[in-house]
């Protein structure tokens, strides 16, 4: 059941080129004590089995290598779902700006300031910084790495991801007209 | 029946990257008194049930939040169908220009001047400005927001949308050669 | 039978974003006296019935409005098939350059100089200029309009189209690195 | 069996726009003496029969015209699979830079320096230079031509291809913000 919903969202992430290869990962909170995350190396449009990770304690080795970020977010916020993707315009913008201020109307309405988190992929530093950002807002970009978007559902987190890339793409194209 | 046609057009809008996520909306006029519009939050490639909105009077809460623009257009013009999408090059161009003058031959033939409408998404101001633009032409861009394209059918409105994005993409890429 | 091949090629043209909406058209020579062309307003990925056009004399009204170019090419050259598409990078490049000299290895090998033809879409002037270009080479771009690519088969004409857009896209992106 | 895996990877290469038309080719090592490569002119998402090429001696004429590069790599390295694609950002970057240093985190982790190989497509010079590059790393770009990526499996080689294009796309877009 959950796999179907993960796969449905994953197919949309691919169709919009928000993720490529077997990059990116997704998770949903399951009760008070754990969350379900995609497997390390799995394709978001064809996830196969998901991995249950406890909020504290040992983590199954099959879990996405990005489990640290997801766990920190679930520990420190009330978000119910997380989508991590690698949208190219958002990643590029995060290399140049310290925060992103969309000019398109959806960006201005839903994410007027997109913070940039720092730290190596998989590190505790990144996990902490992303969790700090996501305690205040629904969306951030790990510098040079990718978006972490949250929501009440996986779908909402995907929509923030789409929104972030659209905002950054519009910023990039607008520069071509100047 | 209508749902099938909405979905057919929606799939083409997605395939051409003219819309992402659950953004955008579409409607067709139904007789003298009402129009059918996509639901708030629905995906244009998988619309589910449509919502009937009267030209005057109360609006069902399920209707797309953009119903105000659609209603103003149907009240003030004879257009039979409307497609609202978020094509990134058109949105970016609308941030920089006060009107868009395509250089490609289809743009020059079918929409030699694309007006830019202003106003917050969902506002009466935007609804009025879009309706004013569309009283004179088949296509406009709400600044920083997206295209509103009209036609005798949903298909014609989609084709104007595709045309607008192509025109703006060509303008953007042409600048890369200068 | 032919429809299947037209549709197979049309789907690839769409998947590579070489054409959008119901733009573009395709034809194949059939014997000494006529050619088969897509209908006016048809989608290249779903062509429906094709229209037989004689090399001389009256043209059925259902034929693509671009029949004049196709007929001139079949009258003046030995090409067996034509694909006309609207690839955005090729169209943009044709607005800026008088001829295109690819820098990528396939472009250098298969179309080292891509000529630019001029004239309004549908005009005799364009038909003549495209035919003149295609008497000397397999591929040209109608300025601001789109590619006309030829071949022994529809597939070969499609491959030239893909090649032309790739060459122009590479030129555009290379400029972003300079 | 192998054809299915080739086709699965080919479909992903197309969906990410890493290859277009019937360009690109793929191979896997089969034992000590030979490898299986895609046919000349075949589509990577619909490969049809594969061609067995010996590591030394005569090469079947049906083999991809790029067999020379694949054979040199299998002769001089231990790589088990090769994917050759034409991703536009990687090709464009290879025209401008002598080596590529990604700024995105996956690029920095998995291919911190992407070497550029030189030589005409199909030539011994290119075959030697690519093999030299791939003796030291998993991925290189033939200047103006395309990526050659390797791995233990076809999938791994595809993932390097996707990674290379993502890295170059991010570099290109980042420049639009500067």
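So that you can tell them apart, the chains are marked A, B, C and D in the order they are listed, and the count of residues begins at 1 in each.
The rule is short, and it goes like this: a residue touches a chain if its C-beta (ideal position, glycine included) is under 8 Å from a C-beta of that chain, and two chains touch if they have at least 3 such contacts.
As the structure is a prediction and not an experimental result, all values here were calculated from the model.
Asker: Please find the path from subunit A to subunit C through touching chains that uses the fewest steps, and give that number.
Answerer: So the least number of steps between the two chains is 2.
Asker: For copies subunit A and subunit D, work out whether under half or over half of the interface numbers are shared, and give different or same accordingly.
Answerer: different
Asker: Between subunit B and subunit C, what's the gap in Å when you average each chain's C-alpha atoms?
Answerer: Computed from C-alpha means, the inter-chain centre distance equals 29 Å.
Asker: Give me the residues of subunit D that touch two or more other chains.
Answerer: 171-173, 176
Asker: Chain contact topology under the given definition, line, ring, star, complete or other?
Answerer: ring
Asker: Could you list each pair of chains that touch one another?
Answerer: A-B, A-D, B-C, C-D
Asker: Which of the residues in subunit A come into contact with subunit B in the complex?
Answerer: Contacts found on subunit A: 12, 15-16, 103-106, 108-109, 158-159, 162-163, 165-166, 169-174, 176-178.
Asker: Quick check: in the complex, which residue numbers of subunit D touch subunit C?
Answerer: 14, 17, 20-23, 86, 88-89, 91-93, 95-97, 120-121, 142, 144-145, 171-173, 175-176
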